[in-house]
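Think of it as A, B and C in the order they're written, each chain with its own count starting at 1.
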Amino acid sequence: MAEAVARLLRDGVVVGEQAPAVMLCDSLQTRAAPALFTHFFASLTSNIAAGRAQAKGLVVVALRSTPESYTSSLDTEKKSRSSPGHCLQLVDCYTDPLGWNERIQGAEKLGEEGQQHTELEASSAYSTLCHDISDLNSLLSIVLRSGQGILLTHFLKICLMDALMQISFLLRYQSVAAITNFLSALRSHEQVSALMWVVHGDLHEARVVASLEYVATTVIHIKPQIHLPGQMLETQHKRETRRYGRIYVRQKKRNGRVREQVEEFQIENSGVKFAPVTLMTEMHQAVSLISSIPKVQFNLELSDKEREDRSKVVLPFEHQGDGKEVRIYDGRPDSVQSTFGSLNVVNGGSRHPEVVGSVAHKPSGVGEIHYLRDSDDERPDSDEDPDDDLDI
Amino acid sequence: MESKVRSFVRKGEVTKTGGAGGGYVQAVGAKPGCHGVSLVSSGLDDLDHILPLRNPLSLIVGGGIPVGGLVMVMEDIEAPHHMPLLRFFMAQGLVHSQPLFFATPLPSPQAFLGTLPAIASRSSGAASDNSKEGDLRIAWQYRRFLNEQQALEERRYRYEFCNDFDLRKPAERSLFTGATIKCESLARGAHLDSLLDHCRVFISNLARYTGEGQLVGRLAFQSLCAPQCMQSCTDWEMLRFLQSLKSLLRVSNAVALITFPATLLTPSMAIRWQHLADILISVEAVLDDNKEMAGMLTDYPDILGFLRIHKLASINTQVPTIPEAAMHAMKVVRRKKLVLERLLFAPVDATSGDSKTGGAAGLLCGRPANASSPLDF
Amino acid sequence: MSEMMEEILGLDARKLLPGSLILIEDSVAAKGAFLLNYFLKKLLAAPHASEEEAGGGTTRVLFLALSEPFSHYNRISRKQGCNLISYRNSGRLIFLDMVSDNPPGSVWTKGLKQSALFGLYERVNECVKRQEMQKSGEERTVIIIDDASLLEVLAGGVQNEVLSFLHYCRALYSGSHRCGVVALVHADTDSNRGLSLPVDAGAQSPAAALVQELEHSADVIVTVDPLSTGLATDVHGQVSVVHWTDALCSAEFRRAPCTLQFKLLESSVLFSHPGGKF
């Protein structure tokens, strides 16, 4: 569930826990991790900008793609919303990861330094340059320092989102142990709210991928769409695997359970779209005849009409928000309202503040219970485990 | 403004003395090919014919090895068919009094020189006659313009460009006197740095001969990746050596022939070697008493081995040269002359039409042309 | 006929995204070097026509030649109506000829230092920077590498070196843009290739090959293959182009990934749809 992952990143760390860590793992068959990554990145920045997230800032360690690609996506974001752009800090490991440029500069005359500086300044509003990714300790301190940069401008709760590392790149220069150390140091740091990274699974030994999975709390495996044999032509097939695929989200829960969810995604020009797995419905008519649904007397599937009707049904406990008061018969006569009125609690401050916010404009909203859906993230009848955050 | 500069300039402004660099080499045993590349003979007439077929000239007079090019022969670990190719290559160079550099894993390279074949009797001595040189050069120029005389000249030209060698007779002593021959033994491991230095000295010596008396040098390496050689160097050092050698050759008047047992390398390394070659040939053994193959090929009893062309040189051009036939049979005629022939398939015998004949066909031509390695049957 | 290729590739020198990597993969049976010449010509010639209107948005090319000397490329380009020497004189083309330039102390010979490719990068960096100082304005540099497999040889088989080198080339600033990179690699040197990858790819290969690593970071992959039916004089092979990102053209304009057959001539390259006429 992509939404659940985005929520996880947004909500961040629970007191007394280590920060949640999301790992994206793809292979050459799809190469979709960067796209998904951008998706989560975008949703997180918008959450942070809107103040909805636990984290107050975002630190991106740019290893494999240019730092500009992150700032440019933020710039477009800024145009649409008038939010401060200071929530993003870049650690630029892209420009000079091994210190080659520094070595060349050092060998040159120092007089030319000014010219070099201009180019660095161009990107330094957001970013810090890292000249040596082989020294993970210094990288760690750079990451944390740029996190504190955000902290000073905002002085809010100590929360820092560190994300978007392409670990595959780091793995070239580092042992697995060093990287897992680095990651768990970040996770356990009190400033860090959540972590996310990308690994190209086919580039590394299974052992390496496994040890990175061990550090992560949520692992997203990106796999190509499953095709029935002979369904697609060869050329089409190539395209399909590029744009479509499935994600297998394995979420390690606090209560010790592991939930695996499968979802399909489609990369479009505007972004990534997620959809629940459509087993055979989208396939050709001929193919869908041999669908996996057992042939039974009664109908297991909803027709389109039925599905539409179902979506129209208003659940009783939901606030409809049509401007009018919703009256739900609760077994008591209407006079209850007047009795409350006589008890003089109509405009009192004793009501729950959340209710005030939503129903204050309605003078008659006394004594009613409004169910406010938390956000759009949960469907009312979702099968989400209600005991999810039960701490045993 | 730059577009105003004419794109087609008649004379190449870079006139390096390099073989592939520009300008034809005017030396004994060299002739002009296409794309400004000079050719020298491989020592085997039939092989020369196969080499660059694209050149309209070579269709008539036969091609050769481009100067500045690197020929690689993939050995068969069971059959020594690469040896005659190597010997002919070396002997041809000696006949043209070209300097020779020879490196081998054998402990005594000089002994190997003694096994070089002699020129077949009717032509002996003629080619090494220096007075012919002037005539030879004029003959080229005539040949270009006078089609009538072509047939006449051609015979003589070919005769000069590539000699017939007699497999039974060892080369005459006179061939070695005065010849510049450098030998290296790699029996105690290939010390690539010093080997490369030797090659560099050898090649830079060639550059001293300019103008009329230019010389084309030949470098021959036998079994370069044999275990003896590899004991003192890694695969990657070897590749680096090959690449250095190749870039040395490109800008010089020299050709090199390297035989190597590709199966001893890892598949990935073997492919890398193959990428470095300008001309890539492999030799393969023939199974003795193979009934299926005997049924397939009319001249099966005469065939000693197969020679397969994988890649032909495309120096100074982007157009690949496609050989007319990839597979050739190696035969020895009258026990003295080595010839290459296209495979002649016997008419299908309907009576013996069991499915097993497919096996023989698969053996002969089953390898898909895009299979990256000779081992992919 | 080469419009067909242009359409599929969508190559526009002025729109080339900075820092992009275009990977050309070939094999022994079908050499892909002709595409380097194709790119070279396109990059050098294309912005010319609209130079005035585009406000001098020129593209420079740095050609790092490891497998063939300058004369080879020059001869081929000249037949295609592209004079490399005049481009070189005008500074549009920088040609780093590692083949002819082979003194005893050159990159090929001197021992395997800690980072053999660092020295090469130093030269590339120096060339790009020097060029940058000469002229100002909106310009970008594309680095063409022939071929990256030889870089691996140069680095003594240390893949990380090659990857770092290519990474640095992509990260290199020329003016306000990073450099684009066009690199040729021999895909068949990857011994895992051709084996059908298991779905659970993490379980296999002990160490990934260079090609695989590069494919992960490439924006566009152009694959040159021989025909499955063998060598032919009429059709020399086929190319297929896969756009992984919008580096060359944005998704709205590009077609589905597509395979074209090609025939090489001295003066040009002919492309056609499989089975079609040239």
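In this text, a residue touches a chain if its C-beta (ideal position, glycine included) is under 8 Å from a C-beta of that chain, and two chains touch if they have at least 3 such contacts.
Just so it is clear, the model here is predicted, and its values are computed rather than measured.
Of all chains present, the one whose mean CA position sits nearest the global mean of protein CA atoms is C. Seen from the Cα centre of subunit C, the chain whose own Cα centre is farthest off is A. In terms of their C-alpha centroids, the spacing between subunit A and subunit C amounts to 36 Å.
Rounded to whole angstrom units, the spacing between the C-alpha centres of subunit B and subunit C is 31.
Averaged Cα coordinates give subunit A a centre that lies 62 Å from the centre of subunit B.
In the complex of the two chains, the subunit B residues touching subunit C come out as 1-3, 5-9, 12-14, 16, 18, 20-22, 35-36, 193, 196-197, 200, 234-237, 239-240, 243-244, 246-248, 250-251, 266-268, 271-272, 274-275, 280, 310-311, 314-320, 322-323, 326, 368-372. Contact residues of subunit C toward subunit B in the complex are 27-31, 33-34, 37, 48, 66, 68-72, 74-76, 78, 81-83, 85-87, 90, 92, 98-100, 102, 104, 108-109, 111-112, 149-150, 153-154, 156-157, 186, 188-191, 209, 225-233, 236, 264-266, 269. Those residues of subunit A whose C-beta lies close enough to touch subunit C in the complex are 25, 27-29, 31, 34, 64, 66, 68, 94-98, 100-101, 103-104, 119, 122, 168, 172-173, 200-206, 209-210, 223-224, 235-236, 238-239, 242, 269. Residues 18-19, 118, 121-122, 125-126, 159-160, 163-164, 167-168, 171, 173, 176, 178, 197, 199, 201-208, 212-213, 215-217, 240, 242, 244-245, 250-252, 256-259 of subunit C are the ones touching subunit A in the complex.
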